[in-house]
Amino acid sequence: MFDWKWDFVWEIMPRLLVATGNTLLAAGAGYAIAIVLGLVFALAQRGPSRLLAFVVRELVEFIRSTPLLLQVFFVFFVGPQFGIRLSPWTSGMIAIGLHYACYLSEVYRGGIESVPRGQWEASTALNMSTIQTYRRVIIPQAIPSSLTGMGNYLVGIFKDTPMLSVIGVAELVHTANAIGSEHYRFLEPLTLVGLIFLAISLPAAGLIRLLEGYVRRKLGM
Amino acid sequence: GPLNDRIAAGEPIRIGFANIPVFGYPDDNGDPKGFANEITLGILNEMGLTDIEAVVTDWGGLIPGLMANRYDIITGGQYILGARCENISFSEPIAQTGDSFLVPAGNPLGLTNYQDILNNPDTMLALYSGANTVGAARQEGLTDAQLMQLPGPTEVLAALRAGRADAAALTSFESFYLAAESDGAFEAQDPSALPDWTLNWVGIGFRDEDVDFRAEFNEAHARYMGSDEMMAAMEQYGYVESNLPGATTTEWACANR
Amino acid sequence: MTIVEFLSTYWPRLLTGTGVTIVQFFLAAFLGVAISLVMGLLKLSPNRMLRGFAISYIEFFRGTSLLVQLFWIFYVLPLFGVSIDKFTAGYVAVGMNIGGYGAELVRGGILSVRKGQWEAALAINLSPAKRMWRIILPQALVNMLPAWGNLMIELLKATALVALISVPDLMFEARQINGSTFLSAQVFGTALVIYYLLARFMITPFMRWLERFMARKLGMV
Amino acid sequence: MTQSFDHPLEITGTPPPMVSFRNVCKAYGSLVVLDNLNLDINAGEMVSIIGPSGSGKTTVLRMLMTLEQINGGVIYVDGKPLTHMPKHGKLVPANQRHLRQRRVDIGMCFQHFNLFPHMTALENCMEGPVQVLGMRKPEARARCEELLEMVGMIDKKDQHPSRLSGGQQQRVAIARALAMRPKVMLFDEVTSALDPEVIGEVTEVIRKLVSEHNLTMLMVTHQMGFARDISDRVCFFYGGKIEEQGPPSQIFGNPERERTQQFLSAVREAI
Amino acid sequence: MTQSFDHPLEITGTPPPMVSFRNVCKAYGSLVVLDNLNLDINAGEMVSIIGPSGSGKTTVLRMLMTLEQINGGVIYVDGKPLTHMPKHGKLVPANQRHLRQRRVDIGMCFQHFNLFPHMTALENCMEGPVQVLGMRKPEARARCEELLEMVGMIDKKDQHPSRLSGGQQQRVAIARALAMRPKVMLFDEVTSALDPEVIGEVTEVIRKLVSEHNLTMLMVTHQMGFARDISDRVCFFYGGKIEEQGPPSQIFGNPERERTQQFLSAVREAI
């Protein structure tokens, strides 16, 4: 029953590799946005302005509580009704970046809260400003405990790029499904998608592990 | 084959289909509807088989589910294409149909076929990824710059509404159905505006192992095709005489499509 | 069709779909938490075999996507003679996938507990299991809870993928209704709101409550 | 924590005291830790706080460092209110900006050190001068290396705190606080992890900096020898109040109150 | 860390010493902290370790608690090897199981307390007796409440560590360690955060438990008074070695070595 066709694999490989490029690009750009924006969200929620904290809190809750698929859909198809007309790529990367920024802001929050209170007090005693305290004392110590979460999302963001297919970005899963419907064979394309994801995420996870080790050593932990 | 074994064991025949209007879809009770389903049920009835179980699935799950023995026959409107014939077995054709462009009401840009798109570089054509229309568009000289490949009808309609695409290439059944459902927002173009070679034949899918059952099915198919009984059932789907497959065989479609 | 008409026609299907989604969520969450704990702990085990096993599990389930895993469990395993019904296949796949991500969070949380706590537990000669369960994990939990809040919401959204193997959950019903009516805005809008309500008013409050509860338990308020 | 200050307290004396607690109250929930505390410390004065465990000694320092909010009263530093600010002729609880401005004058060294684990000993010391005082790096390094030298930690200056012994960490913490040269220095049991030899050295360092820069010093200690040695005045805390205060010779030699005598007789026994 | 022990060391004497360091070496990277340490402690003996900061006092306790791996030599407890185990007639480095078995005899109280933040004072104390010794809860509670009473912490028994003052935390840590009644107790500067009055009380508690249960005690301290009061023998550590040891009267009254005299004269000055 179980038949695996190698020649079919070689036939579809080039198309999948092109799609892999698209996936990498979308995920990479989205993650870059998310890393920075996530920190902004996390800090805004701890900032002095109650109103800003509330607004950002609700925004984060809304974005992370609703499916990325529908967000992408809305940015791309409903945006033009409000005069926002972005290309599929731009809307895709903004949507995915925004979505992951909300996840990362929660990861950062956990990291920040796990820094012992004594560190805040020591910074106060040196009369460091809030910004200096975050930048020099709290965030460097929050990073090691945030790294696992950040690693999870780096590995995870690749697997969310299929959401971009609803706006016609030809990423990996989209392409594999197209190949499947053309040939009525889904086994090879979808399995290859899994393997390609694995080939991307293994080095990514390895990189994070190295980074974790480096940071812990750097902190003398 | 396994299907005959099932029937011998007194188990129901499971037909699998995705939710695609006109071709095959479940009604509100989950009962199989659509012309491909009706014809399949008619032929099975002709064979004296009435113990049927309907399984609704996702489009992408149709073929893998058939292979994984989660159902026995896939209905739901499958074009008989060469690449597909290599991987599953089709019954003799049950319909022939062409494609048709769906455009905003009044067709402001006058788009009726691939050449119209090609001649107006600012236009964008929406189509389903993995569908036969993608190949057809490419063959007509269109490049990816003017093609927007989307997962399904929902996205295609959204793209037309948002002005992201100016026309969509769909099967004529779907095109007319969507136009009718759109309260006049869209209209379907004449299928004959598209080249003859884009005409396709629809078949019912079987596992390769069920070659014995398929032969019996084809025998009943020959008796049932075009019968008054069938044409009466087809009325509600807009399936007319010209949709009958005529003399075309699956063998020919596999070789030429 | 107005939204009121739409809802009055389709509410029974959306409601049963929501019910299935909730059941899938709880079963998958239960499985996912259990796997996270086991794999997270195994990855910290001094035994190379166990560690290797955990690493393979984590990297495999994080690395290949849930989509591919569902495909394999539902459509490919039967080719090897293992046929699981769709409902079970759904929550098992989602739970095993989330378990891979959760395991990393567990590991990260454990590593962020200060060294003095390990030493103090050792000094009263707690067995390794009790040391972990009674001293380290409760403190690790506090550090990782914000990230778990994310993961639970992701889990809820991930259950939407079981629609692809025809588990009649909310997303499946929404797609079916959309497939026959093309009332995309109403259908997906309603689904979006339901997912949002579940996440925002069930999961998030519960996780926040848990965070506060644990913080209180640690006397950290 | 709203209060009404219809009659803002005035600070008298010329020059005004460097630190001045006026009717300060502090409670944790229902536990009243400090009850109407009044304490003036003059510029350049070195005051030790002694007293039984849990009597609120650390709390006094933490309030002055603005780490705890007070429940009543006002604290003045250098003649100006610290915990409050004037507004429409009244004193209202201070906002963050005011606190930060006034905090420049105060530095603190913690019982648990609270060193920054991701910085070396030298980096820990340089952090304040460079980031807060805006000092140039070479200058800050020179100042900090000198301090680390004085506390006998120069050879460990490039180690992270996790690789230092208890006493070594404590000396780095002392150097870090002194590097800021605030007007008022607060020390919370900073000699507890030090051996007697090092205490002697550290006492010298503190004394030198105090006289050179006219620092005001407030320290909590359990080591009576250190208190006697270094301070101009000793305050004995008991039950949320100052039970007795005076020059060390008087407190240690001739205490008036019964509770003080009792505490000190235990001390004599223990040593 | 492999070693060859062709001639496993023998422990002599009847009864054998409770704790026995034989040629123990310890280095952090290139920094040699302990160099061929030999030290025997008899059952029921109370030994204090004094010495300058960074001389390796804490390291000795941590090695005995098996928190640090040693680089050479063997540590015996109760006549049996702790850091090693016999295998084919040779001593090989111990595995986790062996360590865990032998560790029952040892308890330690840390300089930084390391209380479990998620448990109240009482729960902290009861954790060991209930979970490790398998004691019934009411019994464990009775024992722990008695201990907390003795260290003056009974009224705070339901507080979490974050709400306790430094001295209060330290007393809970002492009670937690004593509740286990190990054969060998290790104390690392446990009186540093305590005021002299409380030191007196705690000394009494320790003395009482030691004589009642014949505990062996090894403590690091900077408080000479405490060392003199409580110990049968005082070891002066210097430069990774025991420079001098003997009964307190000898060490404090009549030290032989120059380095000891120097250290103690600083002490006398500081007090």
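Letters A, B, C, D and E mark the chains in the order given here, with residues in each chain numbered from 1 onward.
Going forward, a contact is a pair of C-beta atoms (placed from the backbone, for glycine too) under 8 Å apart; a residue touches a chain by one contact, two chains touch by 3 or more.
These numbers were taken from a predicted model, which means no experiment stands behind them.
Trainee: In contact with chain A and with chain B at once: which chains are those? Just list them.
Mentor: Touching chain A as well as chain B, we find C.
Trainee: Enumerate, in label order, the chains that touch chain A and chain D alike.
Mentor: Touching chain A as well as chain D, we find no chain at all.
Trainee: Going by C-alpha centroids, which chain is farthest from chain D? Tell me that one.
Mentor: B
Trainee: Name the chain whose C-alpha centroid is most distant from the C-alpha centroid of chain A.
Mentor: E
Trainee: In terms of C-beta pairs in contact, which of B-C and A-C ranks higher?
Mentor: Taking the two pairs in turn, the one with more contacts turns out to be A-C.
Trainee: Measuring from the mean C-alpha position of chain A to the mean C-alpha position of chain E, what distance in angstrom results?
Mentor: Centre-to-centre distance between chain A and chain E: 50 Å.
Trainee: Averaging over Cα atoms per chain, report the distance between chain B and chain D in Å.
Mentor: Centre-to-centre distance between chain B and chain D: 83 Å.
Trainee: Just the number, please: Cα centre separation of chain D and chain E in whole Å.
Mentor: 32
Trainee: Got the chain C residues that touch at least 2 other chains?
Mentor: Only 71, 75-76, 79, 115 qualify.
Trainee: Indicate the residues of chain B shared as contacts by at least two other chains.
Mentor: In chain B, the residues touching two or more other chains are 60, 64, 67, 158.
Trainee: Which chain E residues reach two or more other chains?
Mentor: Where chain E meets two or more other chains at a single residue, that happens at 112, 163.
Trainee: According to the definition already given, which pairs of chains are in contact?
Mentor: Applying the touch rule to all chain pairs gives A-B, A-C, A-D, B-C, C-E, D-E.
Trainee: Chain B touches which residues of chain C in the complex?
Mentor: 71, 74-79, 83, 163-166, 175-176, 178-182, 184
Trainee: In their complex, what parts of chain A are in touch with chain D?
Mentor: 48, 118-119, 121-122, 124-130, 132, 136-137, 140-141, 218-221
Trainee: For a test of understanding, state which residues of chain E touch chain C in their complex under the given definition.
Mentor: It comes out as residues 65-67, 96, 100, 103-104, 106-110, 112, 114-118, 120, 127-128, 131-132, 159-163, 176-177, 180.
Trainee: Under the touch definition given earlier, write down the residues of chain B that touch chain C in their complex.
Mentor: Per the touch definition, chain B meets chain C at residues 18-21, 25-26, 55-58, 60-61, 64-65, 67-70, 153-154, 157-158, 178, 181.
Trainee: Across the complex, what residues on chain C touch chain E?
Mentor: Per the touch definition, chain C meets chain E at residues 46, 116-117, 119-128, 130, 134-135, 138-139, 214, 217-220.
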